[in-house]
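Common to both upcoming complexes is chain A, partnered first by chain B, then by chain C.
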Partner chain A sequence: MTDNNQQPSGALTKATRSPGFWVLAWRRFRRRKLSMLALAVVMCLSGIAVFSPMIAGTKPIVCKYKGNLYFPCLAYFNADWENPIFHKDRFRKRYPRNLREKDPESWAIYPLVFQDPYRPVRDGEWQDKNGDGEWVDRPGNPYHGGLPSKLNFFGTYKRGVDVFASMVHGTRIALLVGFVSTGIAAFIGITLGAIAGYMGGAIDMVISRIIELVMCIPGIVLILALIAVIDKINIWIMMAILGLTSWTGMARLTRAEFLKLKQSEFVAAAQSIGAGPLRIMFRHILPNALAPVMVPIVFGIAAAIKVEAGLSLLGFGAPPPNPSWGTVLNAGTSNYTEWWQIVFPGIAIFITILAYNLIGEGVQEATDPRLADPKD
Partner chain B sequence: MKTFTHRSTFRLALLVAALGCLTITGCREAAEDAAFREFEEEFGSGGTTANTSTDGGDTSDTALNTITDEPVDFEFADLVKPFDPPPLEEIISLNEWADKPVLDAVELMRERQAGEQQLATPAEALALKNSSVANNNKIISAMGRLAQEGEVNYSAEWNRHTAGDIKSTNPLMISSTAEFDVAGLTNMGLFGFDWNFVPFASTDVVVSWQTSANGLYDKVVMRDDLRWSDGTVITAHDVAYSYQVIMTSSVPIPAVRSGTDQLKYVHAYDDHTVIFFHNESLATNVWNINFPVIPKHIYENTVPEDPTMAKSEAHVALDENPITGGAYQITKRVRGQEIVLKRRESYYIVDGKVVRRKPNFETIRFHIVENSSTALLALKKGDIEEMQLSPEQWQSQTSGEEFYKNNTKSYALEWVYYYFGWNNRSPFFRDVRVRQAMSYAFNHQELLDRHRFGLDEAAQGIFHKTSRWAPTTLPAPYTQDLDKAEDLLAAAGWEDSDNDGVLDNIVELDSDFDGKIDGKRRMRFEFTILVSNKQERIDICTLLQENLDQIGIRCNVKPVEFTTLQQLSRDHQFDAIFAGWGTGADPDTSENLWTTKAIDAGRNYGCYSSKIVDQLFEDGKRELDPEKRAAIYQKIHLQLWDDQPYTWLYFRNAYYGFNRSLRGYNYSARGPYNYGPGESTIFKPAGMR
Partner chain C sequence: MAGYLIRRILLGLLTLLLITMVVYALIRFMPGSPMDTDPAMMNPDKMPSAEDLERIKKAYGLDKPVYEAYWIWLSNLASGDMGISYNEKKPVTDVIESRVWATLLLTVPSLVIAYLLAIPIGLWSTIRSGKLDERIAGVSLYMLYAIPSFIAALFLQLLFAVKLSGTAWELPLMGMHHSDYDEMGVIAQTWDLLQHMLLPVICFTYVSLAYYSRFIKANMEEVIRQDYIRTARAKGLGQMRIILHHAFRNTLIPFVTLLGLSLPSLLGGAIILEQVFNWPGMGQLYFRSIGTRDYPVIMGLTLSLSVLTLLGQLFADILYAFVDPRIAYK
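Up next is the complex of A and B:
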């Protein structure tokens, strides 16, 4: 109570803080229906990617076995996360029957769709209760020509692997490739661009030449070369290479922004109070230079997804048996009668890239001050 | 096929190979994986040589590059040891001579068919769908019938399919399937072999063939009515000259030198008499004397200037317009598109007289179509008139009306087996129990049913049961037994000691695969299997991966481009590999797959080494009695099966689609071509479109 009284009454009402640049940009972005829809699509895909082992798989999400709780589905993220007890008890990666036979007390919650992205489901792996309450074997995936059916929503490919399960798990690769490779590219591009732009002189000269040098390396060719020499190629190496070859555009944009901004008054002010160059570059200039760089980042994600699908289509993508959209598409090209191997992954790739491009366009317009609504 | 002897540091070569393949793949992006189909399973050697064939036809690529890029000192016939051939009379009088067969392959086939019942007429066969073994037999029997008098339409054109272009038209340079197909039509050779791989001399070329009783000489008298396509007479001197070119180290011969290099000397005593001198009496001598012949009067001027036989202006012109001795000559070549062969009148008409059988087609046109889906569409349309089908195409894309409208199809057993090869220098596969465990872990039944559509047979070792070299009672094929696999692995020390769900063991390391142990370490059982970049093969490897995953072994599947695969396997830089071998005509040809000396000098990629097998191959070469010789190879078969250096998987049938207008095709254990009579009996009947 006393505290209240001590407040100076009738003091100046605090002026409402005027919205910052990013808040304004977000407001403008929100008004674009298509971009928001695209954002929703990407969020939804991210959800699918994160929860893919719970959507489609043959390993229980959670199970109780011999008194302990296990989460075998995590093995889809990393094969080493599968508890060794299932190896010791000779489960042989087949859960439903083994759980029931080896521990009648056990229970398990399975993914929504009992299909595996890596292998065909065989006859009798899963059992359904029929009308009389008896367990009957569910038939395995057809060997070939597996049309879309109620067990295989999107049909099968590669001698009976479920296309739906592959695509759900493939979402992880598609999104990861986009984020990780663009993340690497953005980090390198922005750092080098900032240093070149701010420092100028000889450093700028060297970095600019490096940029030109890297621009001469065709990313796909480099990837194909590395696939030939690296023994255990995995998707992370591919992402790194994609990232390491695609940062040049961002570096150039950042450099240009820094060249412009380092002449401005607020930089002079910061310098005058003795701020170091790192602080000035990343605390003061960078937030103001980020808007034009955001656009190539978003488009870069779309491009990376496209490159991955293209590599998989050529047969050099995610190493087998990792499911990726491009791999399914690749299987479809050798057999034109099996349309579902082309249509479904084709649609997925199309929608994802379209969504990222729409977001990119939205970011571009939302951050462009010339397009700003005077009402804001 | 040559190993790659001028090896600088292999890593550099590897990188070069990798970059080399890149440029290729780079420009073929649009053509999908087409480029690799060229090298599909097939043969390193075809009709004229007797080597074991290889999984991918072409090793000349790297070998040629490496050799030609180095400066060479040209010394003609430097690989031939100095030898002064004794006078002909002396050789003839000092030896007893036995006549060897001089046969007409077409007549041979006619005799065989005279003893067989024709199961259907061509019209009946063409009305059938090839959906059962009975129908397949009917189609083969009816369509394989040879032409009767007046039945052949000699002005017909045959549009053939080939998945890859030829690199060279020079018969000494052959190494890929396409080159063997073309050379089989344009090239002239003294010898051939029938569908049972029994060698003979051809009546088209040879008057008589005799072997001395001590087995050291083969004497061949050639016909005097043989002409090169430029009108010059083909003589025994051409044969002797070709031998010397093959035996010149600066000439980069990719395939045909092996075998020929076992000869001591070849000498032409006059225009028609040639004697082949052997170092010792071997069962394989009949194959060693069989090599392609090139015209001496052309090449004796050009080879000294350009021993690569590919670079000089004269050789480029010759490659474009080769002087050939066979039934056909190349009249047009559009790279990457087509090769056109025309019947050569001077082959069968000499001095106005018909001296040989007239070849059945006026024109044979090879269409180069890399992508097999595209090729199948062309076959259905009738643009090409024969092609080899993949089992998938056979099963699901060639059963409808749109296929049978213009075509029919048939299949026959071909002695081409596929395998998982385990590298004996890999820390994982040195122990025979581990290799056996691999064979037990793999689901062979699913492979045959799901991946091979139940059409191919399981492989039970290196020889097929219909081969006379196979044991009378073959070992039972492996069937999946995961418990047994785990027991064998446990016996070999592999168990999950660190509780991570993956087996581990203390193993001896040989990190650069040179046969020297570098140390000991506890290792997880995680290895990489190499496979050429084709979906159906990758799928088979992923089945292995799944099966091994079930028993706690991590297997990474690594698809690589074909030349890289060749390079890595030649340098033994792998743990495991998926590939296939075709058959040579003689069992001795597999010596370069299994003997210890073939690790460095042959194609023993997996470094298998067994004193017993080495000795048996030596014995087999020297044993002349066919029964006893067969017994030796049967022992080899069983020894290899016990040691399981490979997990043998299946024999791939020859599946072919043929246009309805074609007749007279018959299969051997090497498919419908590249044996005697092979393609030479195929014809189009008169009165058809």
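Up next is the complex of A and C:
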């Protein structure tokens, strides 16, 4: 403490501020090499997800057309972000030729890999320069049985759609599903758990019964029933359903933490100066109860990715156009001889889940007070 | 103990009532009805007339409002009648019974194998904790745990049914029997069934094996630091006796919880795997009955899964009192 007035000599000695809980946890986390590697993998996947339209696609990253600059690749994030001028000028998603024919002055920078996650690339859509400096048409994707090749790194599926492009764009869906559905689950679980634990009594009784009820219905049953109830499913509804069915564990943990912490002195102090229940719950107790809940949140992300892939594999996922990893797997199960439709997405799902599990493990060890290093 | 049991069972019945209510409401609000998903009724030449539809609706009890239909279902259930499957025109109990053996054929062996292997692996890794061989085993179990079982299933199918087809290692891709199963002798039938079972059982086992053995090790690590273990060591007891008698016995409580929690997975644990392997069990039945809106079967399956879940929890709580004499239920 800097305002220590018990110092007899009057000379103020500045004590260094002791690091907070999360700083210490991060230090401990950083020491685990595997968890850090896993974190790097997830960062890398996030990078692929964010830059997916720039890695694989048939729409230019940036192009100059009739005197204006456009970014057609953003259409992969949201179809409405494609400038209507390309629709009006009848581009029909074929950029290279149309740009050349309709505006000879135009130029464009294309994604690294000229392949589309939604449709097969056809003959002559793209031209390469051959040894003599002449432009020659690049062949389109094979209609079926497209083995991995120089043009289709991971082969093709579904009448010639490129697996690599689908998987690059599928990264976006996989990571989004993980974050959004676990976010929803964490919000519901922490809120209900906090109310039950802090309020106690009849409210606790009711919420505990609800938690028990949802826990008893097998997850997949609830998910399938909800999917069946909703007529038009899309990837966002899917995430909401996954979130709505996976919050019970977090609610139970939060409730237990709140039951314990509401007995502590700092809560009594806050109550005595007249803080309201909402303020005490979310401002005073929650930050102290967050560490144990972090672990199921990270594992929940892995579980959500797994369930989404499983549902897509069974054909219960969001309908196409939806280049999710599970959709490619689903195509693979209709013909086992086309192994690349199973092997590549399978490995991607495995690596992602493993990475999240390793991070979860790291968080668990880093936030566990029993394993704290006394040197810190 | 008796009072506690009665209270728990009453509470369990209440939970069951709520679950069936929620699920019944959910499935009745699904768009589509058993009538418009039956392929026989899709035939444009034989479109059922409006009167026919009314008659069928009446026969299925779908002309009544949801709450009334639920009440009828519930009162029939009280007399042991779960209704008649729309698809198979047989009582739901018979439909479920004809499927349950196929599922148990996968889940029982795999749970038994998982427990039989997990306990020695867990104990061994406690003894060898931190040594190179234990680290390698631990990391490989961890990797195994991260592979979703349906992906392992697809990979194994690729390897044994496609890549190795034509060799001695070939295994069937899916299904439960070979097409000429009925003409085989008993020994050939058993061999055929075993071959079909092998891949699903492996996929169903390895996840639980990895989970259980890590679970046992984690609990053992906690116990092994206790003072009474040091005392036992100081007394000069052998390693085996300390691990089995002093340490493992004290990890039985979390272990029993795990046993209880694995009870529902006997019926519902392999829903996705059954679909991947086209195994004619409960999971496949569940998917099919949701697809065709076979309400009585969906309700019957949900009910049996929930009963099993609740029983598992109750079973674990009762076993606590046996493994830990300090716990007494009032």
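Convention: the second predicted complex is superposed on the first by the 348 of 376 C-alpha atoms of A that agree within 3 Å, B and C clash if a C-alpha of one lies under 4 Å from a C-alpha of the other, contacts with A are read in each partner's own complex, and residues count from 1 in each chain.
Criterion: a residue touches a chain if its C-beta (ideal position, glycine included) is under 8 Å from a C-beta of that chain, and two chains touch if they have at least 3 such contacts.
None of the values given here were measured: they were computed from a predicted structure.
Of the two partner chains placed by superposition, only chain C is touched by A:357; chain B is not.
Looking at the shared chain after the overlay, A:229 reaches both chain B and chain C. Put chain B and chain C next to each other and count what each touches on chain A; the higher total goes to B. By the document's definition of touching, of the two partners only chain B reaches A:79; chain C does not.
Contacts of A:221 after superposition: both chain B and chain C are touched.
Of the two partner chains placed around the shared chain by superposition, chain C is the only one that A:332 touches, whereas chain B remains out of contact.
Residue contacts after overlaying the shared chain place A:158 against chain B, while chain C stays out of touching range.
Using the contact criterion defined above for the overlaid structures, shared-chain residue A:24 touches neither chain B nor chain C, since it reaches no partner. In the superposition on chain A, A:270 contacts neither chain B nor chain C. Of the two partner chains placed by superposition, A:259 touches none, neither chain B nor chain C. Note: residues 220-221, 224-225, 228-229, 231, 313-314, 333, 336-337 of chain A belong to the chain B contact set and to the chain C contact set alike, using the contact criterion stated above.
Of all the residues in chain A, the ones that touch chain B in their complex are 79-80, 82-84, 86-88, 90, 92-94, 118-120, 143-145, 158-160, 220-221, 224-225, 227-229, 231-233, 313-316, 319-321, 330-331, 333-337. Chain B meets chain A in the complex at residues 14-15, 17-19, 21-22, 25-26, 29, 32-33, 372-373, 392, 395-397, 449-451, 453, 482-483, 486, 496, 499-502, 528, 533-535, 538-539, 541-543, 545-546, 549-552, 554, 556-561, 564. Residues 209, 212-213, 215-218, 220-221, 224-226, 228-229, 231, 302, 306, 309-310, 313-314, 329, 332-333, 336-337, 339, 342-343, 346, 349-350, 353-354, 357 of chain A touch chain C in their complex. Residue ranges on chain C touching chain A, taken from their complex, read 15, 18-19, 22-23, 26-27, 29-31, 142-143, 145-148, 150-151, 154-155, 157-158, 161-163, 173, 264, 268, 271-272, 275-276, 286-287, 290, 301-302, 305-306, 309-310.
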